Amino acid sequence: MFIHKKPLQFEAQPDRSDPLVAKYLQELIGGQYGEMSVAMQYLFQGWSCRADEKYKDMIMDIATEEIGHVEMLATMVARLLEDAPVEKQQTALEKDPVVGAMIAGMNPQHAIVAGLGPRPADSVGNPWSGAYIIASGNLLADFRANLNAESQGRLQVTRIYEMIDDQGVKDLLSVLIARDSYHQNQWAAAIKELEDQEGTILVPSTFPRDKERRDIAYDFYNFSEGEASKDGRWASGKALDGEGDYHYHTKPKVEGKEPKLKPVTPKMYGTPKDVK
Amino acid sequence: MFIHKKPLQFEAQPDRSDPLVAKYLQELIGGQYGEMSVAMQYLFQGWSCRADEKYKDMIMDIATEEIGHVEMLATMVARLLEDAPVEKQQTALEKDPVVGAMIAGMNPQHAIVAGLGPRPADSVGNPWSGAYIIASGNLLADFRANLNAESQGRLQVTRIYEMIDDQGVKDLLSVLIARDSYHQNQWAAAIKELEDQEGTILVPSTFPRDKERRDIAYDFYNFSEGEASKDGRWASGKALDGEGDYHYHTKPKVEGKEPKLKPVTPKMYGTPKDVK
Amino acid sequence: MFIHKKPLQFEAQPDRSDPLVAKYLQELIGGQYGEMSVAMQYLFQGWSCRADEKYKDMIMDIATEEIGHVEMLATMVARLLEDAPVEKQQTALEKDPVVGAMIAGMNPQHAIVAGLGPRPADSVGNPWSGAYIIASGNLLADFRANLNAESQGRLQVTRIYEMIDDQGVKDLLSVLIARDSYHQNQWAAAIKELEDQEGTILVPSTFPRDKERRDIAYDFYNFSEGEASKDGRWASGKALDGEGDYHYHTKPKVEGKEPKLKPVTPKMYGTPKDVK
Amino acid sequence: MFIHKKPLQFEAQPDRSDPLVAKYLQELIGGQYGEMSVAMQYLFQGWSCRADEKYKDMIMDIATEEIGHVEMLATMVARLLEDAPVEKQQTALEKDPVVGAMIAGMNPQHAIVAGLGPRPADSVGNPWSGAYIIASGNLLADFRANLNAESQGRLQVTRIYEMIDDQGVKDLLSVLIARDSYHQNQWAAAIKELEDQEGTILVPSTFPRDKERRDIAYDFYNFSEGEASKDGRWASGKALDGEGDYHYHTKPKVEGKEPKLKPVTPKMYGTPKDVK
Amino acid sequence: MFIHKKPLQFEAQPDRSDPLVAKYLQELIGGQYGEMSVAMQYLFQGWSCRADEKYKDMIMDIATEEIGHVEMLATMVARLLEDAPVEKQQTALEKDPVVGAMIAGMNPQHAIVAGLGPRPADSVGNPWSGAYIIASGNLLADFRANLNAESQGRLQVTRIYEMIDDQGVKDLLSVLIARDSYHQNQWAAAIKELEDQEGTILVPSTFPRDKERRDIAYDFYNFSEGEASKDGRWASGKALDGEGDYHYHTKPKVEGKEPKLKPVTPKMYGTPKDVK
Amino acid sequence: MFIHKKPLQFEAQPDRSDPLVAKYLQELIGGQYGEMSVAMQYLFQGWSCRADEKYKDMIMDIATEEIGHVEMLATMVARLLEDAPVEKQQTALEKDPVVGAMIAGMNPQHAIVAGLGPRPADSVGNPWSGAYIIASGNLLADFRANLNAESQGRLQVTRIYEMIDDQGVKDLLSVLIARDSYHQNQWAAAIKELEDQEGTILVPSTFPRDKERRDIAYDFYNFSEGEASKDGRWASGKALDGEGDYHYHTKPKVEGKEPKLKPVTPKMYGTPKDVK
């Protein structure tokens, strides 16, 4: 169960209206790594959590914070659109090149569909998708998804920070960047804690390793000419899971044969078998 | 440029036809964390790589390996479908409960659309989407995406391994599980190497930290009653980035005000402003 | 800003595990008219609300309630999947027709992807989409969207209620049906209030009617032979907006000409213009 | 069965070519509430209709009219694109800021994919989706969907009407606005007729109310601090269904417990249960 | 403008209810190559047609026929669902294996969402998408798309024909197969006519060939070991466009260099350039 | 199995950076008929191929070539973005109309998400979809899909060729246009070979024609007034399959009745049957 608190956690007030900046911020609302994604991802992970109570509580705390992040960004987008040049655009575009560029660059759905409000979509207008998120039932796997999401997310916020000039928007982005810093620190800590307890970096940790082909489980296969790929931590020395040594093969191992498929029933009306 | 080698890298031969197993393997072909995803993700990361040559070479080697993984799974699915009960199903379903369950559970597009071949789709039939993948231009961010993908991927393969009995399919899964083991080991090593060189775990490492709200960059906010979430590595002690200390707040900090939006031009025909 | 309360608002406990029922409930979580849809729809409407405070507060109250509905359903699905027959299914399917039907009918992503947890998707596995929802900036328009959503939603819940036998699940559905009853009553009341204040049933109420073609604004055009469509409230008498009279035309009015398009620049390489 | 009549029902001729206006009109062709949506929605409702003949006939008449609306808009878009600045754009953009804004703002698929013709997509390029529409088998539910669609649709047309200056396009929009007026009037009348006959405003009307939790079927729960939401028709007095009284709760009723999920089989390889 | 005729063009009456057959027929309604696709594809081609009048008329005639095909299939699906086992399924499934398979195999949205009516979706439940269709402004290109669509379409209908036993459904499929025969014959004839008039098989025919790299325009590159691909009409002899000779290269020509990308501005926060 | 060769097959170097051209080229990477589509389409056709070896080898050779085409285009897009005006855009846009148009027209995800690299998406930002491609198991059907894809593809490349001025990009497009020429020539030859061997142009060739309604298999139905559609190769004379004669009907044949659907169980809660 959730309760709404009316104040925003942090302020969301731009210096001035700007529909292009509004379009960019949509990436942080409804993009693959936007706040809708982390909010929903953490909610589904929390709701499915079968592990120790502290994990569920921690995940739900952060999920709940993230819904508030969508709220701050949605408010900011609504304000950035407030004075967008939406009327008689054909005349306006011809009169002033700056207004013309605004009109050309604006997301038309911000006006036509949302009446100058935010959209559940990314910066090019793709609607947010449940396919962006993951809740697998394995927390180590999912915390890696989370660390990735917070890494991509902070990266995107810093880029927008440099792309714009509006100090009010930047103030909100400074908050989001800081929270993404914490969340990277936080998922990294939770990952470390789980790896230590599970005794391996491999997900899932409990699959019996004698059921996998361990003889090929530490091999790097060079699938190109030249061996630049040999010069990395992944190509030699002790593997990070502590159970084997990396091995670099200059050519891929090949065990299989050229596959020949049998024909299927002619009632599937595939290519007739007497065709050469 | 790419060259095709006709042999499969590893063998892909089931013990017997089974359209349900074929349906499950689709998750590994065209699911969010299937082999199409890792292949395309690594290709786009490699093609965009502006970093040291060794990274591009390594990424492209693995990308190329993964296209071959799609090939092995596609071949396996084609073989699993070879003798599926596709003819006169209404009669067949009524005669034999085992056949009936096969018919009921089969992906109908395997027959109707693909003529008993694999589909570029997941286990419930969603077509593969470019929205599954990421190539951000920041390798540390992307390697975390990759480690996540290999973790979710290995997890899914181990689950299917337990869900089925067919030894031929399991032999291929053992290969894939082992390769996912290596790839987890490999991305983890590459991540460690980058973190060491960049001198922080934060992505991006180069954003000036005085531009973010550092005063809130180490705070955990408890958004619920009860403090189970306090009992973790993320709640106290030195942060993993080495630059601050985790701080647990029993209540969230609140700086913002309740947002009030201004009306917009009446030409957007929103709710009339004299409506109470 | 939001706060999480740990108890569910209402109980979510099935009598027994059943993966088919879990699959059905996904429609209520991530379907077009599921709880994710109403939660997100109301949140975006609330965040964009430029009308009187009472509307924003009311919308946000209900939005917040709905996030809790997703939570109850997600919990229920997790419990329904707890003992699903996921291991060695090929053997199991052949042994017992009831288990076989369970295996055939189960959503495979519930096991492979989510490890026996809920998915942000509908009952056939389509991921939830931002394209399901609307927040237009015009509350009368949006409250009609909401009344529709609660109508479709209650309809779907009552259908599942009849499709299943599990009393524990039905108890939760009884709660959801009652809340959907209230929400229909509530949006209908809000619609009535707005229509009364705006002085018309037409959305948007403020568009000057002399700018539309009022001469065709009350016409029903019969686009078929036979006039069964004439026998309804919409075909004659005073129109509900109180400004005109319905008029039934046995044939459609036609004002336009057969359209002939001009050729475009040959550099678009369309069909060559000398082709007959 | 359908017959095509060559004349457009109403004229579709712009004053001049303008690719930005063409982009905006795409929302009315292939957007969530565009003419493709209402056409397909009404067709599927008509084809599924099991109610009295007059409803099916009426729905099919309007569906058929709407296909003609797509035709008028498609023709208009083709004409708006006729003289778009598509050649040698890099030079053209640098020469003239007005042309530059046109080039920047144009939907590139109008040229590259469609050769200056309309697209089955919305104003930002999302392809039209079957997920936009509903045909539930319950006409009262569906007529509410229809009233919503015509409300959102008319709202969008009036916004574009104000955004542009071209009188020829506005003349067509005046037609569409008038038809949307009628269709709102018409669905409202049909809804009223059904509500009167079914004896309630609740969808579905036939679900036995003693199977729902009637004790919570008239409650508004305040999920925030402050009681602005109390000041509405929905918070007190006789409910619109005539069967109960609205009741405002300053806090939500809570019946549930904090959910604790059981562990599942270890063969799903979730988080190991000995992890703390 | 369109007119609806109430009779179906051909009869659509199954022998008995069967929800699995209903699920299969969805591929023909809302699949990639279903009747919604050909109807919408031909409509958009007709509406964009800038060529000789006879083409537009012909395309629109067929488009209009295809809307009627959707209608026949939608009617058939509604009838196939009429007596589906939707009530108290948990008990029903345990009692009778045949009913159990029906329940397991049924599309749950047919009941929950559509109330036993057709859906604008394919046989696995993916909603129909505007991305399935093409109207390019070049009729030769588009008629090839159409010939492909009718080929894939007829193939899918024949497969379903063999998968089922119901004679009533087969009678409708016999009609559709025959119409697809004609439409293949018809698009093939239209293609031949256009190729003859345009004087080449190449699309587009008017692009000046001296602007393409004609020296590589007739080469087959062998990208694998072994030369089985040499043994076809495409590998030697006069090319079908009559302007060159096919040439088989045992290895691909290579002109390019290994690509090295320059770094971009550090404000994009990519991988730092001092990372090795 | 695949091997990566580091050189590009052909060079990919623009004369100068231009983010609008980069946006256009995305259509050729991740659009419906872009190189990702042909690469994946041919791969799935090759992997499913149950016909003579020469076909599989040929398909795989071309598939492999096409992956290299994606690589060349991805490299080109990365270079076109290298000096895009991404910093402090609000100030930059106001200073210079040319830069303003660039900023307005640029795909924002090229900067925010990809850090100035290519995206697996089309020119308006829709992610690439597995729904674009087909591999049916019937090579004649699929080769028609391929001929269509290469026709649409070449058409799109020639359009972009004319839309831009950059000679370096045009040089790459000249290569792609030539390869598309060959591939049209090649699939046309393969189609001809198959049609000759199968002895008909109808797909599938093996379905017994006495099971279809041959009496309506050569009819053109005029679904409009006027008979312009009569004046084509498809309307009279010997059909291209050599088995019948085209027949033009001035009105469509009608065999069906007006469909009346039976009511379904009231437990689906459709419209009550006593509603008139």
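Chains here go by letter, A, B, C, D, E and F, matching the order in which they are written, and residues are numbered from 1 within each.
Note that in this section a contact is a pair of C-beta atoms (placed from the backbone, for glycine too) under 8 Å apart; a residue touches a chain by one contact, two chains touch by 3 or more.
Values in this document were obtained by computation on a predicted structure and should not be read as measured data.
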Using the contact definition given at the top, which chains are in touch with both chain A and chain F? B, C, D, E
Identify which chain pair among C-F, A-F or A-B reproduces the interface of C-D, meaning that over half of its contact pairs, matched by residue number, are the same. A-B
Farthest from chain B in C-alpha centre terms, which chain would that be? D
Return the chain whose centre of C-alpha atoms lies at maximal distance from the corresponding centre of chain A. E
How many degrees of rotation bring the Cα atoms of chain C onto the matching Cα atoms of chain F, given to the nearest 5? 180
Separation of mean Cα positions, chain E and chain C [Å, integer]: 29
Spell out, as numbers or ranges, the residues of chain D touching 2 or more other chains. 1-9, 32, 48, 50, 53-55, 57, 60-61, 64, 75, 78, 86-87, 97, 100-101, 104-105, 111, 113, 115-116, 121, 124-127, 129, 131, 134, 136-138, 140, 155, 158-159, 162, 204, 207, 223-224, 226, 252, 254, 256, 261-262, 264, 267-270
Can the chain contact pattern be summarised as a line, a ring, a star, a complete graph, or none of these (other)? complete
Quick check: in the complex, which residue numbers of chain C touch chain D? 5-12, 32-33, 53-58, 60-62, 64-65, 72, 75, 78-79, 81-83, 86-87, 111, 115-116, 126, 129, 131-132, 134, 136, 138, 140-141, 144-145, 147-148, 151-152, 154-155, 158, 161, 174-175, 177-179, 181-182, 184-190, 192-193, 201-204, 207, 209, 211-224, 226-234, 239-241, 244, 246, 252-259, 261-262, 264-265, 267-270
What part of chain B is in contact with chain F in the complex they form? 1-9, 30, 36, 40, 43-44, 47-48, 50, 57, 60-61, 63-64, 67-68, 70-71, 74-75, 78, 113-121, 127-131, 133-138
Name, in rising order, each residue of chain B that touches chain E in their complex. 1-6, 48-55, 86-91, 93-94, 97, 100-101, 103-105, 107-109, 111-113, 115, 121, 124-127, 136-140, 194, 197-198, 204-207
Inside the complex, what are the residues of chain A that reach chain F? 18, 20-21, 23-24, 27, 31-32, 97-98, 100-102, 104-105, 122-126, 155-156, 159-160, 162-166, 223-226, 252, 254, 256, 260-264, 266, 268-276
Enumerate the contact residues on chain E facing chain A in the complex. 155, 158-159, 162, 267-269
